[in-house]
Amino acid sequence: MIGLDRRSRDILDEVRDLGRRYMRPIGLESDRSGLPPPAEHPFYLICARRGGLVSREVGEDEDRTDTGDSDDDPARLAWKPLRALLIGEESAYWDRGVALSLPGPGLGGAALRTTGTAEQRDRFLSVFTDHSRAHWGAMAMTEPGAGSDVARIQTRAWRDGDEWVLEGSKMFCSNGARADWVVVWATVDPALGRDGHRAFVVERGTPGFEVLRIEHKMGSRGYETASFALDGVRVPEANLLGGEELYRSREGFKGAMTTFNLTRPIHAAHGVGMGRAAHDFAIQFVRDDYPPQGRRKERALERLAAVRRGLHTARLICMHAVWLASQGRPNALEASYAKLYTPPMVLMAVSTALDILGEAGVRNDRMVEKLYRDVKILDIGEGTQQVQRIVVARRLFGLPRDA
Amino acid sequence: MSFALAPEIEDLAAAAGRLAARSLAPGARRAEAEGRWPPEVVEVIHSLALGALDLPAVLGGVAAGALAKVEVLEALAAGDAGGLPALDQPGPAVGAVLACPDTAAAGEVAAACLAGVASCALVVADPGFSSRIEWAPGWPVLRWAWVIAGDDLALVEVAPAGPAPALAFHASGSTAASLGGAPVLGRWRLPDGAGVSVRGRARLWAAAVSLGVGRAALEATIAYTTERVVFAKPVAHHQGNAFDLAVAATGLHGAGLLLRDAAARVDGGDRDGGFWATQAWLETIDAVSRVTDLGIQLLGGHGFLVDHLAEKRFREARMLGLLWGGRDAADADVAAGSMSVEGPLFAETAQP
Amino acid sequence: MIGLDRRSRDILDEVRDLGRRYMRPIGLESDRSGLPPPAEHPFYLICARRGGLVSREVGEDEDRTDTGDSDDDPARLAWKPLRALLIGEESAYWDRGVALSLPGPGLGGAALRTTGTAEQRDRFLSVFTDHSRAHWGAMAMTEPGAGSDVARIQTRAWRDGDEWVLEGSKMFCSNGARADWVVVWATVDPALGRDGHRAFVVERGTPGFEVLRIEHKMGSRGYETASFALDGVRVPEANLLGGEELYRSREGFKGAMTTFNLTRPIHAAHGVGMGRAAHDFAIQFVRDDYPPQGRRKERALERLAAVRRGLHTARLICMHAVWLASQGRPNALEASYAKLYTPPMVLMAVSTALDILGEAGVRNDRMVEKLYRDVKILDIGEGTQQVQRIVVARRLFGLPRDA
Amino acid sequence: MSFALAPEIEDLAAAAGRLAARSLAPGARRAEAEGRWPPEVVEVIHSLALGALDLPAVLGGVAAGALAKVEVLEALAAGDAGGLPALDQPGPAVGAVLACPDTAAAGEVAAACLAGVASCALVVADPGFSSRIEWAPGWPVLRWAWVIAGDDLALVEVAPAGPAPALAFHASGSTAASLGGAPVLGRWRLPDGAGVSVRGRARLWAAAVSLGVGRAALEATIAYTTERVVFAKPVAHHQGNAFDLAVAATGLHGAGLLLRDAAARVDGGDRDGGFWATQAWLETIDAVSRVTDLGIQLLGGHGFLVDHLAEKRFREARMLGLLWGGRDAADADVAAGSMSVEGPLFAETAQP
């Protein structure tokens, strides 16, 4: 049976409190203005001072490779990625956009921890020990011409003396404009496919690194989605992620991919949170606005029960995938199950909530309308539904790469 | 029997299609930002006599019929649906105007609507829900509400209560209004089953606009996915995506036929026209939701940006499934008809 | 608006009468016994005497290439394939299996009319002018090792003097064991793919033509599904369908395929009939067995309304595809729409009817249980759902053949 | 927290799996034709104490719990589900046996069931429906019916009224029975909400059997479609088919986790165990229906023949969605719980 320990409950209470007080209102404001909260927003400072959303001990920085923790009781250790998952779900309940905008090293941090050298980890992650103001890291993989097909990235990297030069452009980089540094993926030769990939840490202010724009999105406006150009950007040799050695084998690219085995279920868990928010709003609407008896109410409750079923199933799939990882067991298939099952189900959940609100649902000032615009991106980020189907088929019955 | 449209309807739809491509589509995003279609577009659409198409001459209309209206709306919506709720008056409320026993009152409303000086809203009411207008177009000024509850019709004078920003149709502006305490200009008990005809006309309207949005979405998705290459071939040529597109296209095709059949029934005086219009709305809303969802999905991250129209169509498709009583009222109407409405071609054959 | 002329209504009344009196009871009996009605069944003789199910004028023999009819008023002519469609729907309402078992040249007849020489048409179709007893024709394409992938058939054909020798085996041949003749597809060289295909008319009793078995099926038991072996079967040169000339171009194979543009919508229309049967049974059950008010009834009626919507949509798609053909317009895409939309929708319809019957639905003696077993084959015969998706994708946006 | 099963449950399930593969699967079609499992199979399944697994010692059970029972049923059903309704007694009615306040009566029923000399049926009644047993296993002889309507439980003595051939589970035989005029051995008003627990146990049973059927169907489909080549590659390696299989597998995976979670809740004394068992049933029935449908579809014409087990699994999956009140009763139970049942991990957070 799935239950929570005391510590996890406390953490969730903390997230809930912050969500209610800050994340939800900030998210609604961002939705109205169309702009992410400014990097100087006081809430980010609050988070920075705490060293994360909830505490130093747990948070998005944490994954199972982070064994430097003083807490080495295996039973408690197994909880840590699960807590990250639950924090993700609960934060997204209040506002997923704002949750994604929270200070921290982000996906770039995951790449650094997985494939960076000790020197690089120290150099780029130490900035997050500065609690006097908010800091961000970011990762830039996607390009205007290559979404799911990451092997086709066109940003070029070449050596020039003891520097690397980067030329190209990137899109869909979360928190990319406010980040202290961005892990940028480039290729030394597009003809080599994934074998030609290299990752570099590019620091803000490096000449030629130019933010082109902050995207205007249908929803999920609480975080910054940046496009930028790399116009002859020069980075020192020491910023090649993992050092030259790493790229002799194919582990370079795979390194980045393995981080997805935790990020996919956590991303999916955001959906569970958003679906819960829509569900709760609709339940409250039925309580307040529906006639106390009759067909409409019965029907609404049946449909909400189906939403609840889907959400709890999704949550179990996500938790199971993360639990496997916490046991040191392979979870690539299960992580894709989580990411494949959840987003369409959550879209259905939010859409059902809209049906239950009826005409009232069309309005901006009822939160479900915003959730409907927010939620669709879940099925695209961290590998589209189509990519997940391919992964599942590959793992289950050996779908060839060129099928 | 024939699936062919009358030549005059084909001509009308073709003209609307040209107008949509030339005048509506290019300015869709600007109109969305400004909350209205520009005056020159409004003028050219008035030249189509949009609001008058499905009104009889006695109410100032041109009596082209429901099918003609559906075809024209669909063609326009494929260019930009954003301003249609505002510009097509009495539009979704046409069934109430036609059903209103007080022809003088109906004539006054119709005249103001056709002149573009005021608008009316249709409110599909439910005994258990408080009556309010959650959303209506912001222009021309909202002056009347037709309230239909079962077979009871009322005409109410309303005052707009400020903007009500919504999921889509920003080019129509927005307003909310309360019906509590508003002056009631008339109340009528319509003949049995006439309520579903009134609601059915709003659903025909929504289905036609939805279908136009869906057709445009399918076309744009096919254009994008046959162009853009991932994993060494066009997105659409990955069989998994091709399968999804094929199913989506099939659903749209079926919805289009059902909608046309329903509109023709309404024009033919079929007493179950409202039932079939409601069925067409349900089928279309589902089909277009799938198409517009897929439209974002296969564009990937780009589908989520306002740079493409995919996200706008996704929002429009959803909003058309919520207005005028939404799915609850529609399901209730078809359920009520499911024992009494005869088969459309021949009576359903009873069990032996 | 879709409406029927007087003549069509009369025809449907006739089908309905025969359906109620014969087809439904015979179908139920076949389902119980597991065997198709014997070829000597009196109902077949009734049909044979009438020259078809309803009259000489209309029936399954008819398609738009059949211009030898005395009735040459174009408006009336346009009705003829539509009537075939409606007859198909109405027959299947009473029992699709029995409808498929009715005497006549069947799909083999379509192949003969499309690609046979005048001499062949005369020789093999004239048997159907014998109204003293029932006759069948059949077509055999599918093989144990190649279902949808008809290009891969393995039955070999080679010339030996002025004869052809056939060697191989066939499956899923409707009415194949009782047919006077079977149009058998074979290949002169499997390496040639479709270009190697040849069709032969093989008459019953030809040595080496051996019925292996009548298949045991989950449902649709009212017609015979035969497997047979071709063990050195010798047929005269004159039985090569269309003559040698036909196969110089690729039209040989394509000839058979074009017959599908009418058979697909008619096959789909069978589904509409079956769905209607389930719908009507469930409506009657609600009338008789449900409490007169309340949630269950409301819910059942909503669900039945959705069934009705799907069935009428399917019917319109089918009719539209056939109407296009009657106008001499291309309809390959629309025929596939009909075949793609209808079977899954009809499975849903029958399944919904089962839900409405609840526990009562599980029993053999309530017809919906049988319909549930009958209906699944609709999604496989005349091109599976998967094949239809490919056809639609090919026509709509040029899906390549190897995708 | 952990997703791991207790080792003793793993061992039980593994034993059941071996038995299923060795003794059940090979004879599935013969058992179907004969209307029963052969005596040697019955004997070896009795050695698993199947019926006793989820009964407490006081009723002659071995108190291994609902989760153990679910795992064993799933493993057996993957071999052949056909005889399980007959052989597992009191099986789906276990919730009624446990809830019955008259422990002597419950004990008598349980003893006869465990001894294999008589069987009992669970009837999920609805005030508007006449009470009859449409279908029950044909062996051992049907002697009792537990009738649950809301929170009212009755124990009725019934006499079998002849065979009632059905969609599936032919290896269990069949019988119908009328409840009209049958002697009522007891009537009890159970505590509020106890009715859904009684129904929930039948749904856990059906979901477990269904999941076993679904897993076997997925496995067989993958085996067939990765072997059989069409259009130059294995059926499963056409991306369109691969996508459908991936989605079907995902649904099955989710249903399995939900079912295990629900069973563990029942064992843990969760007062909402019946609600979650019902949710698990709904999720599983849908997931397994999709898998078994696809199982026929991807086999093509072969799927329709009795030569493969695909058609048998398709029938079993559907029948498990109809018994014990079917979807109507299940939806009503979850709807009733949707305002009162708390979130499974933490209370749903209220709106600010």
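Order of writing sets the labels: A, B, C and D. Residues in every chain begin at 1.
Criterion: a contact is a pair of C-beta atoms (placed from the backbone, for glycine too) under 8 Å apart; a residue touches a chain by one contact, two chains touch by 3 or more.
Everything quoted here is computed from the prediction, not taken from an experiment.
At the far end from subunit D, in terms of centres built from Cα atoms, lies B.
More C-beta pairs touch across one of C-D and A-C than the other; that pair is C-D. Chain geometry summary: the mean Cα position of subunit B and that of subunit D are 46 Å apart.
Distance between chain centres (mean CA atoms), subunit A to subunit B: 38 Å.
Centre to centre, using the average C-alpha position, subunit A and subunit C are separated by 52 Å. Annotation for subunit C: residues 295, 298-299, 386, 389-390 touch two or more other chains.
Each of residues 238-240, 242-243, 331-332 in subunit B touches at least two other chains. By the touch rule above, subunit A contacts subunit B in their complex via residues 142, 146-149, 151-152, 171-172, 215-220, 289-291, 294-296, 299, 347, 351, 354-355, 357-365, 369, 372-373, 376-377, 379-381, 384-386, 389-390, 402. Partner subunit B is touched in their complex by these residues of subunit D: 238-240, 242-244.
The touching residues of subunit B, counted against subunit A in their complex, run 126-130, 134-135, 164-168, 176, 230-232, 238, 240-241, 289, 293, 296-297, 300-307, 311, 314-315, 318-319, 321-328, 331-332. Within the complex formed with subunit B, the residues of subunit C that make contact are 1-5, 9, 12, 16, 20, 24, 79, 82, 86, 90, 93, 276, 279-281, 283-284, 286-287, 298, 301-302, 304-306, 308-310, 312-317, 319-320, 323-324, 334, 337, 340-341, 386, 388-390, 392-393, 396-400, 403.
Looking at the complex, you find that subunit B touches subunit C at residues 1-3, 222, 225-226, 233, 236-239, 242-243, 245-247, 249-251, 253-255, 257-258, 261, 264-265, 267-268, 270, 276, 279, 282-283, 331-332, 334-339, 343-346, 348-352.
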